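Structure first, then comments.
Chain nomenclature is as follows: A, B, C and D, assigned in order of appearance, with residue numbering initiated at 1 for each chain independently.
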Amino acid sequence: MKNLRIGAILGALLMVAGACSSTPAAKEGGTLIVALPGDIVRTDTALTDDSNSSYVIQQVVETLVGLEPGSTSKVVPVLAESYEMSADALTYTFKLRSGVKFHDGTDFNADAVVYNYNRFINIPTELQDYTYYIGAVFGGYGANSNLESATAVDGTTVAIKLKKPSSNFILTQTLPVFGIQSPTALALGKGDNTESDVTKITGAQGGAGSMVGTGPFVFDKWTVGDSVEIVKNATYWDTAHIAHVDAIVFKAVAEEAQRLNGLAAGEIDLAQTIAPVDAATIAANPKLQLIDRGSSFNTFQISMNQSYTPMNNQKIREAIAYAINYDYLIKTFYAGAAVKATNWMPAGVLYAKDLSLPSYDVAKAKALIAESGETDLTIDFWYPNDVTRPYMPDPKGIFEAITADLEAVGFTIVPNNAPWRGGYLDDEYAGKYEMWLLGWTGDWAGPDNFLKTAFFGYVNGAPSTEFAYKNDAVEAAMNAALAAGTEAEAKTQWELAQDLIRADMPTVPVANSKPQAAASIDLKGFIGSAGLNEPLNLVWLDRP
Amino acid sequence: MGRYIVRRLIAAIPVLIGLSILLFAYIRILPGDPCVAILGQHRTPAACAALREHLGLDLPLWQQYISYLLKTLSGDLGSSVVNSQPFLGEFLTRFPGTIELTAGALIFSIGVGIPLGRLAARKVGGWVDGLITGVSLFGVSIPVFVLGLALVVIFGVILGWLPTQGRIDARARFDATSGILLIDTLFAGRLDLFVDVVRHLVLPSIALGSIPLAIIARITRASVIEVANEDYVRTARSKGLKEKTVDNRHVMRNAWLPVTTVVGLQIGGLLGGAVLTETVFVWNGVGRWVVDAIQNHDYPIVQSTILVFAVIFLIVNLIVDVGYALLNPKIRYQ
Amino acid sequence: MFRAALVDPQIARASRGLWGDAARRLRRNRPALVGLVCIVLFALAAILAPFISPFDPYAMNGSSLDAPSLTHLFGTDLLGRDIFSRVLYGAQISLFVGVGAVVLALVIGGVLGAIAGGFGGRIDGVIMRLTDVFLSIPSILLAIGIVTALGRGMVQLMFAIAVSYAPTFARLLRGSLLALREADYVVAARTIGASRMRILVRHMLPNALTPLIVQATLVLATAIIDIAGLGFLGLGPADPRTPEWGTMLVDARRFMQTAPHIVVFIGGAIVISAIGFNLLGDGLRESLDPKLKR
Amino acid sequence: MSDQHLLEVRDLVVRFRTHDGAVHAVNGVSFDLAAGETLGVAGESGCGKSVTNLAIVGLLPKPAGRVEGGSVKLDGRELTTLKEEELRQVRGSEIAMIFQDPMTSLNPVLRIEEQLIETIQAHREVAKEAARTRAIELLTAVGVANPESRLRSYPHEFSGGMRQRVMIAMALALEPRVLIADEPTTALDVTIQAQVLDLLRRLTEERGTATILVTHDLGVLAGMADRINVMYAGAVIESGTTDDLFANPRHPYTVGLLRSIPRLDGETGGKLVPIEGRPPDLIDAPVGCSFYARCAWRTDRCATETPALLPIDGGKGPIVTNGPTATHVAACFNPVAPAEVAEGRPLPRTGGATR
């Protein structure tokens, strides 16, 4: 159980007015309108890797273990009443709740869990593009998967066996991706690994067999490009937490301005993400409430690829770190709802320490450039032109400001941009960009999620094409930390990795933001979470 | 009449062929490897092979074109590279939204533009005429998105009179059957929702309809002034017809002719304008979809949307011309 | 309708007198004068931007979202840049791209129209079907298609807009030329054995240009709006810092509730320039058409 | 014959307001018309003939044109002050009009049937079928062959003469008491002109319709009109029975008009002489005789004084305004002597100084 002691340090549980212990009676009924920054991508839990899909799916499909509402690290039982880890840290035995039924009426039991985990192991190659997290958490599929097997010990007991110890196993199983869906529905929706063409998997396309879980809401319909509707599950197993609202409509509203307008006009009850610069407007509107999600759980950085000159020069990277006017960025674009990054992980993630990263110092930056010996100071610099991210509220504006900072110390910037899903992610990952803007929102509260998964872990034993950052000592330290037998050893290894990374300055962390939400003043019972695990069955609408 | 229609249809064939060549070329002149250009981040060896196969990239160009043409004619308009959904199905789910918006804008622009034009013509030279001329000048000079933003903030946010986004109150969770909500709500007997749909239509229709409104008002004004000076209008008055009859039957029946042609020409502009309007009003239609497709470099979607819009435009023009012929006996008998 | 009127050979014949007459009538057309004033303002803003801008349009020298003041006439944007200066420089881009696009469209459309109208026959049929193809695509979609294919940039923008207007010019010129073919002096020139080319260039083209000039003026208004529209859709100039009006509007729309004046100033700049060209175009049309003489 | 004339126009004044000033289109026109009578109105274009007619039925172009003085009485009923709706009931039903150009006077997008029926139905509560029957009768009366099938035709399917026949049918549809025919044959071929005029005369005689026949062609009036008003610059400058006027024209303008048309009968035998110059610009009503500038008979008095319409030869007694005994009146200080008519120019006179 030791890994479960990951503290609740992060989970500053934030209650919205009215949701405190002396709860006034919640009002039942009504339809909740939630604005998401984009449409969901698919309706099959396993075949998603984006935050919009996860946000919807987590209301419908439940995992074995989950996070306490508002927390990013406190694991609580959900479909599993309890679990045990074997002494060799390879076998986890989950004791399941009994009497739980899937939305299609079939029973939730050990067989269903085994069915789902077997599916995770054996995702067909063609679909592995869509199952990023399964690959990232288990290291691959089939023989390459760290999942050895899942077996039903009895009707309500499941044993999941790993090939090698993984200290983040339980924490990662809280990801909505690992939600348990009805085997009957999976077979119906062709999500049973028999179909390799994702368009024919009806369960992933909003058709038959979509999102059949055990959660407080039932999938109703998906209007692609526009909205997803889910309705209350009146027979939810957790009778204490049956949803208050009758239905939820998740609308894709890409423009922050439109979300703000919709809120102000009463057409939207909850905007999952807002522009930080709108916070003041929202706070000033008596019909609206601003929802703080507590501490930050993301890192925004200026990414660099060391296969390009002068990005391969540590002094240049360090100089860039000194050239950035962090305070200006945080004040202007985050409206203060961010802190200057002190690490590649947000402060508060386990083992994160203050790495005393450079602060704004033009003279120092210029000196470092002079020292670097580089003469060609032209940099290809990229930003995404069609999205905002929680860690990067205004990519274009931030890009313009950073460009101005860099030009002020002598760099020549060649501006570039690309659409997020239409080339940006693809190209930066493929190593086509010299310098670009990107960040990471935590999935689970482990240092590995940031340092390794998100940034600097080797891919297939070699530096990633993305950053081309080669430091074998860092890779070794991170691997050692994950397989560490004791917490002290894990700590040592993680701290070593951080120091090594700091010395290399492979990228420039800029800020950790605190993404805020906004809602109608009528919305009650909402518990915001920096990790966006926000169960909406707790929410009610206080209106006639 | 039948022969006239047939002749018009035959005349459309070379245009359609030209259009198909243009769009065929479009997806092939994209810079770089078509697989990279089209599939972007979704390219896997398998997907690439499928795309090459679908486009017939390994065949000689003329064979590629023939196969494109045959596929298009058989209704296979390609698939999204983002979610691999066939174009047609996706298009059809969104098209009702665009029809509704376009119809709303058209009704607004005709419903307001023609009376304004008539009023201006009646008061020609007076301040009312000046005002209407000014308004229509403003109408053609203000971009859809500027007007849209202004309408949203003024009538949606500040005054709170009308909804700012979407096609229907999402809280109603209405199940559309045809997708044209004005019709669906009526058939479902939900008068309250019908009103709600109309309310949602108001601002986008005004934003999208402003340019056609201005153009229609201008042409109506000019046309009515011209017709009002015709001898036959004097004849009609001299016969002691009621002013209303003179206006509706003698003036308008003739003034309609140029107006009809202009209205027809607006349809293309409306479809184009829908792209911007749907973006401003979070309207679930083809326009917003195609903007997403552009942003995602989903070229097959862009290609086929242009094709379908152009075909619609040609059909509408045909209908307008036939309507024109029906209204104008001189043409009918030619 | 005005097309037919403008190519009336009678008018064409009185070509020189026509322009003198037109100028006189234009002077008496108050709306057209207002239009001219708008255009002069717009052009001055564009040309003099480097001299009269109080600030560097790229420099962040104010605090974020300052309200309009004597220092910053239109206030500042989120990054603290002077919006007045950016609007002035924006005029430069609109003027450059707009005029460039219209000139390019005139050249492309003019050549096609001259060939079609001057020579007729099969080549005319082919060119007309070609224009039909382009005219069947909503112009903004056509421009979008071209920009996505060619990549973003001012030249691409110019080209995209030019292509969407060229067919209109081609048809207009062709129509004028067809009407002129029967004009007495053209017939006369033909009978004395002037070459086809010479008749086209010396006798017909100069007289067919008036409708083109009117249309070009009106299209400039549309071009300014379309440039902004493409910018609004994120298809503007490649450098995001470029003070292009549509691109600036996208940023400004986020502050519709907190700083609506930004949208008003930028939108106003677009509307005023478009109104200018529309008014002047209408005025030109009226003054060049003696039939409308009052 | 009662004292009351069917149509009585007195001192009618019509002005048009334009950007350049008020146009004095009609300046005090008076005349009477009895039932069954045909009044010819002659004069060049722009001398106020059509404007007078439009003013009578209240169809002056709005808002520029206004009746600024005088009265128009139909059967003693003042028309100029009638409300629009009352006037509408008069139009078409009591006073009907035929216009110059049959090509443009019929609505191109409406079938002949609709245009005929709407006229009838605008004034009579009749069923469509009855109106249709009436329309067929009318077409037959004006000599349209196959009236039933022609009813379904559009105007462009008729020839010009046929269209004018249709116009006549339409005008007579409600048996109006007054018919105003404004240059009804000007736009037609000469051969057709005669046919149409014959038809017009026959129909108005049969029905006893009082007619005002406007034309710039005095020759037409010779065979049609009982009396003639010659108009110039918005005023009647000579009036009398057709016989009187042709036999003894006194106003130089009338003489000019008579001499400027070829006479088929060659009665006057003089040379064809056009009148020099143009009618005056009516924006500034001239002081003195409006014909002064073009007149060969002018005297100094003509430049400063406006001549009144008075009986020729200074005749005594009441002026008879209609009927075969109508007084021959002219507005001229120096009327043309009978001997001068054939010459078309003033001859030296005893006692009177010309020029």
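Rule of thumb we're sticking to: a residue touches a chain if its C-beta (ideal position, glycine included) is under 8 Å from a C-beta of that chain, and two chains touch if they have at least 3 such contacts.
All of these numbers come straight from a predicted model, not from anything done at the bench.
Chain-level centrality, scored on Cα centres against the all-protein Cα centre, points to B.
Annotation: 41 Å between the Cα-based centres of subunit A and subunit B. Here the spacing of subunit C and subunit D, counted between their Cα centres, is 54 Å. Inter-chain centre distance (subunit B to subunit C, centres taken as mean C-alpha positions): 23 Å. Distance between chain centres (mean CA atoms), subunit A to subunit D: 93 Å. For subunit A, the set of residues that touch two or more other chains comprises 255, 261, 264, 385-386. In subunit B, the positions touching at least two other chains are 152-153, 157, 295, 297. Residue positions 234, 253, 256-257 of subunit C are each in touch with at least two other chains. Here the chains touching each other pair up as A-B, A-C, B-C, B-D. Residues 14-15, 18-19, 22, 26, 29-31, 137-138, 140-146, 149-150, 152-153, 157, 222, 258, 268-269, 271-273, 275-276, 279, 290-291, 294-295, 297, 299, 302, 305-306, 309-311, 313-314 of subunit B touch subunit C in their complex. Within the complex formed with subunit B, the subunit A residues making contact are 30-31, 33, 41-42, 126, 129, 197-199, 205, 220-221, 223-227, 229, 247, 249, 251, 253, 255, 258, 261-262, 264-267, 385-386, 419-423, 425-427.
Within the complex, the subunit B residues that touch subunit D are 230-243, 245, 249-250, 253-254, 257, 327-330, 333. Touching subunit A in their complex are the following residues of subunit C: 58-60, 64, 78-80, 234, 238-241, 251, 253-258. Put simply, subunit A touches subunit C in their complex at residues 255-257, 260-261, 264, 275, 277-278, 280-281, 331-333, 383, 385-386, 394, 396-397, 399-401, 403-404, 415-417.
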